[in-house]
């Protein structure tokens, strides 16, 4: 039997809160998604003004990061023509997202979920995703 | 130019809070989704123990109620073989959901969004969806 | 070689105009779609207040009627459990629509396209679809 | 509660008229789509001779421009291998379109919808999309 560690809804809310605070600080309304270690959505928030296209993209970034246990910007680096990983961006009907802004959430060395942001530039999305993780870690002491 | 009224993220959170409190009261962990008047997701929460299948179903109930401005259980009533509305349950790739648990959110006579619940029986889902709307209305005074 | 008769864009506009005038008369803002004899969209209009869910449904009704050369309410009649046609409503990913409101457009005994309406009751949708066809026939003298 | 500005059907028709006039001028029959600020279709027209593939592409260009509030050719510029935005072209099941020809429609500094053209070269599509916007602005005085 396996025992799986998984983000709780309260921890998911901490991730979203941290990401939202950073998004407000940089002045970019975002879509923010948090999934569990199986890639399934736990919580989602579209800030007032977040883009409609980002509803799906934020979720797909979180899905990719949580379920594949790899940041979407790392996939991006590998996903260049001529590289054997190229083409991964069309996998799973395009749900495997290689645009920067999705990060796995790792606690005690284990990936327990993923966070994905969308509506800013990939760099802005990545900064806010990381802020979510930092905030969660502060809350967990 | 048209002028449209739409739920804000704070109002979406009130809807979720009210639905969650009722779900806790009846002891059924739920997936809870809130969309705007165009059917686009604003906020989502899967309570600890909410069903994975309900992630999509709650969103589709909210989508149906908000975008079609009709409760999903009303579609259910009309969607019986021999009735001219039969078959509506497979529309939009099955996203048009006729299972009870999706309610339009109406403020001052205008539909401004929708709420969808899933993980309990349809009756439980409907009670919690209504509790979300009641809670929002209390908060709006 | 085959020679195919197909609605022109001007004729598609006549169909939409006739349907819209009837929709205004009965006070129900509609989504109105017209396809050609191959089921491909020629023209679409969402009246102010037409439902978002109806964008897809109106198109699927027109698609069904034009491409299958049969009114959607006729499919509806046949699509009852126990009948061998039952299940047709989930075909083509649910695009084959059996909800009333889609009519083939027949000129000189040949189906040259289809019209689909959605946002009202199936009966209202059907009345407006027929009004579109009547208007086209008047315009064609 | 948020208050949103959205294109009306009359304004959508102005956009299509302006785009069609330019398409006729350059002699390229086009598919022309207009969506609202949430990315939902308001109006569509396939000129006689417009390509069947363009039915979807025009709609996806309009969807992208309106819902993401960014021209599709700007996404195109950012969507190159090695760039962190690469891969965005497969997002949302490929509906996020990075081919030139989709423009947001901005009135008084607010994006109120989007227009998408397809059937010509991207440059031709862009010219006609812009002509639609110019025509709308003339009509609005």
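The first chain written gets the first letter, and so on, giving A, B, C and D; residue counts start at 1 in each chain.
Here, a residue touches a chain if its C-beta (ideal position, glycine included) is under 8 Å from a C-beta of that chain, and two chains touch if they have at least 3 such contacts.
Keep in mind the model is a prediction, meaning the values are calculated, not measured.
Note on chain B versus chain C: their Cα superposition corresponds to a rotation of 90 degrees, in steps of 5.
With each centre defined as the average position of its C-alpha atoms, the distance from chain A to chain D rounds to 29 Å. If you average the Cα atoms of chain A and of chain C, the two centres end up 42 Å apart. Centre-to-centre, using mean CA coordinates, chain A is 25 Å away from chain B.
The multi-chain contact residues of chain C, meaning those touching 2 or more other chains, are 48, 52. A list of each chain pair in contact follows: A-B, A-D, B-C, B-D, C-D. Interface of chain B with chain C (complex): residues 2, 38-39, 63-64, 67-69, 81-82, 84-88, 90-94, 96. In the complex of the two chains, the chain A residues touching chain D come out as 48, 51-54, 56-57, 60, 73, 75-76, 79-81, 86, 89-90, 93-94, 97-100, 121-123, 126.
Residues 8-9, 38, 40-48, 52, 55 of chain A touch chain B in their complex. Residue ranges on chain B touching chain D, taken from their complex, read 1-8, 11, 36, 38-40, 107, 112.
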